[in-house]
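By written order: A, B, C and D. Residues from 1 in each chain.
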Amino acid sequence: MANINIIDIIAVLMMGTSFAVFGLRQYRHSVLAYALQTLLLVAIFLALYTKYGTHELLAWSVTAFIIKVVCVPLYLMRLIKKLNLVVEDEPVGGFFISPVVALSFSLAVAMMFYKVFIHFSIFKDVLPLFAASFIFMMGIFGFILRTSFIKQILSYCLFENGIHLSLALMAYTSHELVEVGILTDAVFAVIIMSILAKRFYASYGSLDTSKAVNLRG
Amino acid sequence: MDFVYLLLQLVSAIVVAPLFDGISRKLRAKFQSRIGPSIFQTYYDIYKLLKRGRTKSSSTSYIYQVSPYLLFICAAAMFCALPITYGAQSAPLSQFSDIFVLLYLGALFRFIFIVAGIDTANPFAGVSASREGTIGFYTEEVAVICLIVVMMGTGSTSLSYISSLVQEGSYGYAVPSFSIASTAFLWVMYVETGRKPYDLAEAEQELQEGVLGEFCGKDFAIIDIAILLKQMTVLGFFLVIFMPWAGLVDNPILSLIIFLAEIGFLYVMGVFIDNFGPRFTINKGMKRTMLFALAISCTSLALYIMGI
Amino acid sequence: MDILLLILIIPFVCGVVMFLMPQKFQILQKVHVVLSICVSALLLSAVSKVVNGVQLSIFHNFIFLDSLGAIFLSLIAITGLLVNIYATTYMKWELEDGHINIKEVKNYFALSFIFTWTMSLSVLCNNIAFMWAAIEATTLASVFLVAVKNDKKSTESGYKYIVLCSIGLAFALYATILLYSAANGKIDGEAMLYTNLLANAANLDSMALKLVFIFALIGFGTKAGLAPTHTWLPDVHAEGPAPTSALLSGVLLKCAMLGLIRYYAVVANGVGFDFVQSIMIVSGTLTLFISAFFLIRQHNVKRMFAYHSIAHMGVIAFGLGVGGAIGLFAALFHCAAHSFTKALAFCSTGNIAKIYGTKDMTKMGSMIRIAPLTAVLFGIAICSLVGVPGFAIFVSEFLIFKAAAVDGKYILMGIFALALAIIFIADFSHFFLASFGKVEGKVEHNGEMKLSENLPLIALAILIVSFGIWQFDSFTFLLDESVKNIVKQ
Amino acid sequence: MQTIYTLFLLASLLSLALYKKPLLAQKVGFGLASVISLYAAVFFFSNFDETLIWKLPGNFISLPQFRLDSVGMFFSFLVSFIAFAVSLFSFDYAKFYEKKANLAVFASLFNAFILSMLLVIASDNVFSFMLLWEIMTLISALLILINDGEGASKNVMIYLGIAQIGASCLMVALIIMASIAGTFEFSKFDHLEMGMGMSITLFSLLLIGLGSKAGMFPFHVWLPIAYCQCPSNASALMSGVMIKVALFAFIKFSLLLPQFAYFGYILLTMGALSCIFGIIYALVSNDYKASIAYSSCENVGIIFLGLGGAFYGLGTNSPIIALIGFIAAFFHILNHAVFKSLLFMLSGNVFTATNTRDMDALGGLHKKMPITSIIFFVTALSICALPPLNGFASEWIVYKTMVIGGIEEGASSRFFFSLAIIALSITGAMAIMAFSKVYGAIFLGVARDTKCVEEAKEVSFSRLLPLGLLASLCVGFGLFMNDVVSILSKIVLTIIPQTSVSTYGFISMPIIVMVMVLCSILPFIFLYLLKANNKEVRVTDPWACGFIYNKNMQIGSNSFTGDIRKALSFLLKHEQEIKLDGYFSKVVYTKKTHDLFWEKLYAPVIDMVMLIADKIGIFQNGRTNLYAGYILIYLCLVLIFGYYYL
C-alpha cells in the first residue's frame, strides 16, 4: 500500500514540477525545476523497480539519472549563462494566462488519454499514466504557447520526460537499445537546439521565436 | 432533251422578267398617282445600260470584273433548280433540283454580292453589303424552319419529288403544319425579293443595292438581269413547293407558261405590300416584322414535332 | 562480414573520414564523390541480394532488409549518389560566390554521409522503436545540412525543422509505445519487431491499432509532410542548399513514409483495410488540395517544389488510401518516381539560382535561350511532377486511377483528377514564366553549365523518362513482393 | 507502318542534331517531313482495306501494341496528307521565325508532332494512348511557344489548362472502361456491360475529354487564343488534323460503349451550340486568325451534328442513318482538314507580308498578292459551304442525315434533328457574312493602314504550291463527291452493323457544275447579240456622295458586323470606347468583343481559385507556435474522425 502511495505522490509532484517548468519566468528556475522533475522520474523508476522487481527499470533509472538529471540541466545552465539571459520574453497570451490555458487543456487531454492508455499499459497505475500524458501535453503546449527558444528546449525535455514515463509504464520490457536510442536522440536534440538557439540569438538579438516569421506563404 | 427544256425555262424567264418589273413599276406609279413609265421601261433601261461606257473605281480588283457574271450564274442556276419543265422522273436533273442546292446557290449569290460590294471600296456599297449579310441571317432560319416541315414531312430534300407529292395530293394542305409553314415561307420569299419594308429594289443607292453603286454599263445590265431572275426564283421556290399546280400539266412548255404567269402574278401583287407599308431601319424592320414570320414558322415546326 | 553490418558501419565511417579531411576543396570534392560511390555501391549490392530473393537479417532479426526496405534503400543509393555528386558542383559555386567557407563545405559533406547513414538505418530497422529513433536521428543529422549559413532565414528554417519534426515524431513514439504495449504478451516473440507484428497483426486489439495508426499518421505524417502538419516543409526546402533540398525531398520524406507504410501494413492487417484507407484518403485529399492551392501563387521556385513534395506525399497517401494491391503498388512506385523527379527538380533549381541569382520566378524568363539544357531538365522535372505521361510519376498516378476504377471508387477518381488538374495548371504557368518570354530581372551567369556539371541531372532525367516508359523487372519484382507482404492475398 | 514512324522519329532527331545550324536544319527537317509524309499518305491510302498490327519490341510498360484498322488508316492518311502540304509550306515559311526561336527545334518539334498524331491514332492501349495523347498536347504547346512573345505563356496556359481538364476526363473514362472490360487493350474492349446511366456518364466524359481538344463549345475559348499565338503552319496542323485526331478517338471510344439514342441527342445539342457560337464569334472578331480559329469550333459542331445522326442511328438500330451520318461526319472531317489548314497557311502568308492580324488595318492586298488572294477566295467559298465546292458536298450530306433522322417517329428525335438543321442554316448564313468579311477586308478595297500593306509582296512558289494543291482538292472533293462518298462508305461499313441498303438519293455535283457552266454562256451570248459597249473602262475614285474620297470611308471589319452585333447584343459582350477630344480632332473609335463564355464560365472559376490561393497564405504565416497548434488540433480531429465515423 505504502509503495503505491509513494508512486502516486511522486507522480503528482512531477505534474507540479512540469507546471513549474512551464510557468516559471526565470530560466534558471525552470531548468532547476526540470532537473527536479527528472529526479522524480528516476524516483518513480526506482519505486516501480522495488514494487515489481523489473531489472530493466533499474538500468533505465541509472542512465536517466546520469544523462537527464546531471548532464542536460548543466548544459542548459551553461547555455543560459553564455547567452547572459535571465527572464524569458512575453509568451503567447501573457505570463499568467498561458500557464492556465496550458494547464487546463493538458488536464483535459490527459483525462482523455490516460483512460485509453490504461487499457494497454503493463502497469495499471492510474496516476502515473495520467501524469505521463499530462507532462507530455504540457510539453506540447510549451511549444504552442511559449515563444522563448530556451523554454521550447525545456518543453522538448518535458514531453520527452512524459514519453519516458509512459515508456517505463507501458513498455519497460523492450530492448535496452531502444532506451539508449531514444535517449541519445534526446540528448542530441537538446545539443542541436541549443546550438541553434545561440545562432538564433546571434542573428535576431533575442530568443523570441515569434520574431522568426520571415518564411511564410 | 431535258437540257433543252431547261434552257428554254431559263431564257423565257430572262425574257419576261423585265416585263413583270415594268408592270409592277407602272402599277406603283398608278398607286402614287403618277403616270409612270411604260411597262417596257425595264427593257429600255437594260438596253441603254448595254450601250453605255463604263467607269470603275481605282480600288477594284478582279472580283469587280467577274462578279456580274458570277451573280448571273448563281441566279440562273437557282432558277434552273426549279422543277418546272422537268419532273422527278428526269434522272439527271432531279439530282440537281434540291432544296439545299437552291438555298446554297442563293447563299453563293449573297457571298459574291457582298464581296463585290466591299471590292468597290465605296462607303455605300460597304454598308449595303453588310445589310445584305444581315438580311440573310434573318431570313435564312425562318425559311429553313418552314422547309424542315416540308422536308421531314415528305422525307426528301428533292424539290421535284416534293412538288410531285404535293401535286398528287398525298402530302399537302391537309397537313396543318404544311399550311402554316406556307404562310411564313411566302413572307420570307417576299423579303428575299428585296422590297419594302426591307428594301427598295428599284431605288439604287438604297439599302441592299447600294452594292451596285459602282457598277455601270453592261456589267450593271447583267447584274440587273441577275437580280430580276433571283427575285423570280425565290417566288418560284414558294410556288414549286406550296402551289405546284403548274406541274399538273404534262406538257413542259405549257406548264412553264402557267408557272411564269403565276410568278408574274405574285410579283405584281408584291407591289401592294410594297406600296402601303412603312419603311424601317434595318434592325427595327427585321425585329418588328420577322418575329411574326419566325413565330409562325416555329408554330408549324412545333406542330410537326408533335406529329400533328 | 555481413553486408547489413557493413551498411551500419561504412557510411558512418565515411562521415568521420570526411571530418578529418584537410580543408582543400579539390581533395574534398574527389573524396566525397569516391566515398559516395562506394556507399551507394554497398547499398545497391544489398538491394541486389534482396532482388535475388534473399531476406537479409542480423542481430536476431533486429536489423533486416525486406523487399519493402530494399525499394527505399535503392532510392537512398541512387538518388543519394547523384545528388551528392551534384552537391560537389553546387558547393563549388557557393564557394566561388563566397556564400560559404571551406569549413562549412567540409562539414556539409561529412554530415551528408551521417545523414545517409541515419536514413539507411531507418530503412533497415526491424525494431519499430529503433526505427523511430533512426527517423528522429535523420532530422538531427540534417538540421545542419539545412541551416548551412549563419543568417536569419537559415537559422529560422533549422529551428522550425527541428522543433516541428520533434513534436510530430513524439506522437509517433507514442504510437510505437502503444503498439508495443498492445502487442506485448499477445503475440509470440519479440513484440517490437515489425515482422512479428505484421505476422500476428490479427491477434491485436483493434481499438489499440486504430489509435496507433492515428498517432502514427500524425507522427510520421509530420515528418513526411502530410497536411496540415506539413508546415515546416516549405520553409526548410526553400532555405536549404539545392542538394540538401533534393535529398530531403527525394529521400528523407520517403523514409518517413516508409515508417507510415509499416504501420499501415500492421494496422491494416489487424483491423482491416477500410479503416486505414479512409484515414489515408482524408489525409491525402487534404494534402493534395492544400498544396495545390498553395502552389498557385508560389513564385519562389524552391518553395514551389517544396509544395510539390507535399502534393506528392498527398498522392502517395491517396494511393495508400485507394488501397488494394494496385493502389499500394502505385504508392510505392510513386515513392521511387517522386524521389528521382524531386531530386532533379531541386538540383535544377541550383542551376537556375546560379543563372539568375534569385529564386523568384517572376524575375526570370527566357531560360530556354540562356541555358537550353537547364531549361529542358527543369521542364522534364516539371512535366514529371504534374504527371505528364511518359515520365515516371504518370505511371503511378495512372495506377492510382486504375486502382480506384477497379474498386469502383469513381468519386475518388474525380477528386484526384481535379487536384491534379489544379496542380498541372499552377505548375506549367510557373514553368513558362521562367523559361520563356523576356528576362524580367537580371542574368548573373549567361550561358549553360558545363556538361560535366550537368551529368548527374541528365542521369536523373534519363531515370525519370525510363521509369515512365520502361518496365524494370527487378524493380517490379520488389514492388510486387512488398505489396504481397502487406496485402497478403 | 513502323517504317513511317521510325522515319519521322529519325527526322525529328536529325533536325534536333543540327541545333547549331538552324537554317540547314530547317531545310532538312521540313524537307524530310514532306517527303516522309507524302510516302506515308500514299502508304495509308493504298492500305485502306487492311488492318495492320505492330507490337513495340522491348519491355515497355503495358507492352504497347499499335493497330490500324480502316478508320485508323483513313485518319492516318488525313494526318500525313495534310502534314505533307503543311511541311512543304513550312519549308520556306519557317524562316520567318528565325529570330524568335531556333529553327532546328521548330523542325524537330514539327516532325515529332506529326509522329505523335500518327501514333495516337494507331495506339491500341489505354496507357500508351494517354501517353501519346499528352505528348501530342505538349508538343503542340511547345509549337505555340515557338512564337514566343508578349502574353505567350498565358495563352499557352489557357490551351494547356483546358487540354488537361479534358485529358483528366478522358483518362477517367478510359480507365473505367478498361476496368469494366478487364483489359487495357482497345481491340479487346468489345461488349462492355454497363447500364444506361454509366454508359451516358462515360460518353459525356469522353465528349468533354475529346471535345475540349476538338474545340467543342464551351471549351472553344482556347481556339482563338492558341491559334493566334501559334506560327501559322503549326496552327494549320493543329486545326487541320489535331482536332481530327481527337474526333477519331472520340468515334473510336464511343463506339465501344453500349449505344443509346441519347448519345445522338447529346451530340446534336453540343454540335448545334458549337456551330452557332463558333460562327458568331468568328463573325464579330477583327483578327482574321481568330476568325478562322473560331470557325474551327463551328466546323467541329457540324461534324458533331453528323456524328449525332450516326450515333442516333446506332442507338435506335437504324443502320441507314448511322451510315449516312458517319459518311457526313467523315466527309466533313476530310474537307475541314483541307480547307482549314489551307486557311491557316494563307493567313500565314498574309501575316508574313503585312505583320498585322488586325483586319481594320488591311485591305487591297489582292493587288500585291494575287495568287494568295485567289486561293483564299476559293477556300472561303469552300468553308462557307457554297456549291460546287467540297464544303457544300459534306454539309449537304449532314443536312440529309438530319432530314432522314427527323422523319423518325417520336417527338424527341424530331425536335433534336430540327434544332440541328436550324442551327446549321443559321451557321450557313453567318459563315457567308463572316468569310466574305474576312476575304473582303483583307484582300479587297483600299488599304486602311497603308504602312502595313505597302511592303507586302507575293510569297515564293514553294509556299504557293501546297496551297494550290489543297485548293484544287477543295474543288476536286466537291466535284467528285460521289466517288469520295463511295470510298468513305467502304470505311464506314467496317465500324457499323452491315447494311445492304445503299440507295440514298444524293445530289450530283457534276450536274450542278454543268448547269452553272451552261448558265455562264448565256450572258456572253446576250451581250454579243445586243452588241454591248465594250469600250475601255475609265478608272476613277470611288464615288463618295460628291465628297473627296478617303480610304477611311470604306467599311471596316468592325462596322461591317455592326447591325448583327446590335441584333445579337444579348449574346455578345462588347466594350465600346469613343475618344473625342475637341471638335476638329479625329475621333478614335474602338470596339472590342469579349468571349461571353470566357467571362461567364471560366473567369469566375479562375477568380475563385485565385481568391482561395491568395487567402490560403494565412494558414502558413510563419508562426511556429501556430504550426505546433495545428499538429495538436489535427490530432484531435483525426481522433474524432477515426473514433466516431469509422
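Everything that follows uses one rule, which is that a residue touches a chain if its C-beta (ideal position, glycine included) is under 8 Å from a C-beta of that chain, and two chains touch if they have at least 3 such contacts.
Since the model is a prediction, treat every value here as computed from it, not as a measurement.
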Chain whose Cα centroid lies at the greatest distance from that of chain B: A
Pair joined by the larger number of C-beta contacts - B-D, A-C: B-D
Euclidean distance of C-alpha centroids - chain B vs chain D, Å: 35
Interchain centroid distance [CA atoms averaged], chain A/chain C, Å: 31
Whole-Å separation of chain centres (CA-atom averages), chain C against chain D: 43
Approximate Å spacing (C-alpha centroids) for the pair chain A, chain B: 99
Overlap residues in chain A, where contacts from two or more other chains coincide: 140, 143, 209, 212, 214-215, 217
Junction residues of chain B, two or more chains touched: none
Chain D, residues touching no fewer than two other chains: 617, 620, 622, 624, 628, 631
Those chain pairs that satisfy the touch definition: A-C, A-D, B-D, C-D
Chain A-touching residues of chain C, taken from the complex the two chains share: 62, 127, 129-130, 132-134, 136-137, 140, 143-144, 147, 150-153, 155-160, 162-163, 166-167, 170, 173-174, 177-178, 180-182, 184, 190-192, 205, 207-208, 211, 234-235, 238-239, 294, 297-298, 303
Chain A-facing residues of chain D, complex: 617, 620-625, 628-629, 631-632
Chain D-facing residues of chain B, complex: 3, 6-7, 10-11, 14, 47, 50-59, 61-63, 68-69, 72-73, 76-77, 80, 92-93, 95-96, 98, 100-101, 103-105, 107-108, 110-111, 114-115, 117-127, 129-131, 133-134, 136-141, 143-145, 148, 151-152, 155-158, 213-214, 217-218, 221-222, 225, 282-283, 286-287, 301, 304-307
Residues on chain A engaged by chain C in the complex (per definition of touch): 116-117, 119-122, 136, 139-140, 143, 149, 152, 156, 159-160, 163, 166-167, 170-171, 173-175, 177-178, 181-182, 184-185, 188-189, 192-193, 196, 199-200, 202-204, 209, 212, 214-215, 217
Chain A residues within the chain D interface of the complex: 92, 140, 143-147, 209-210, 212-217
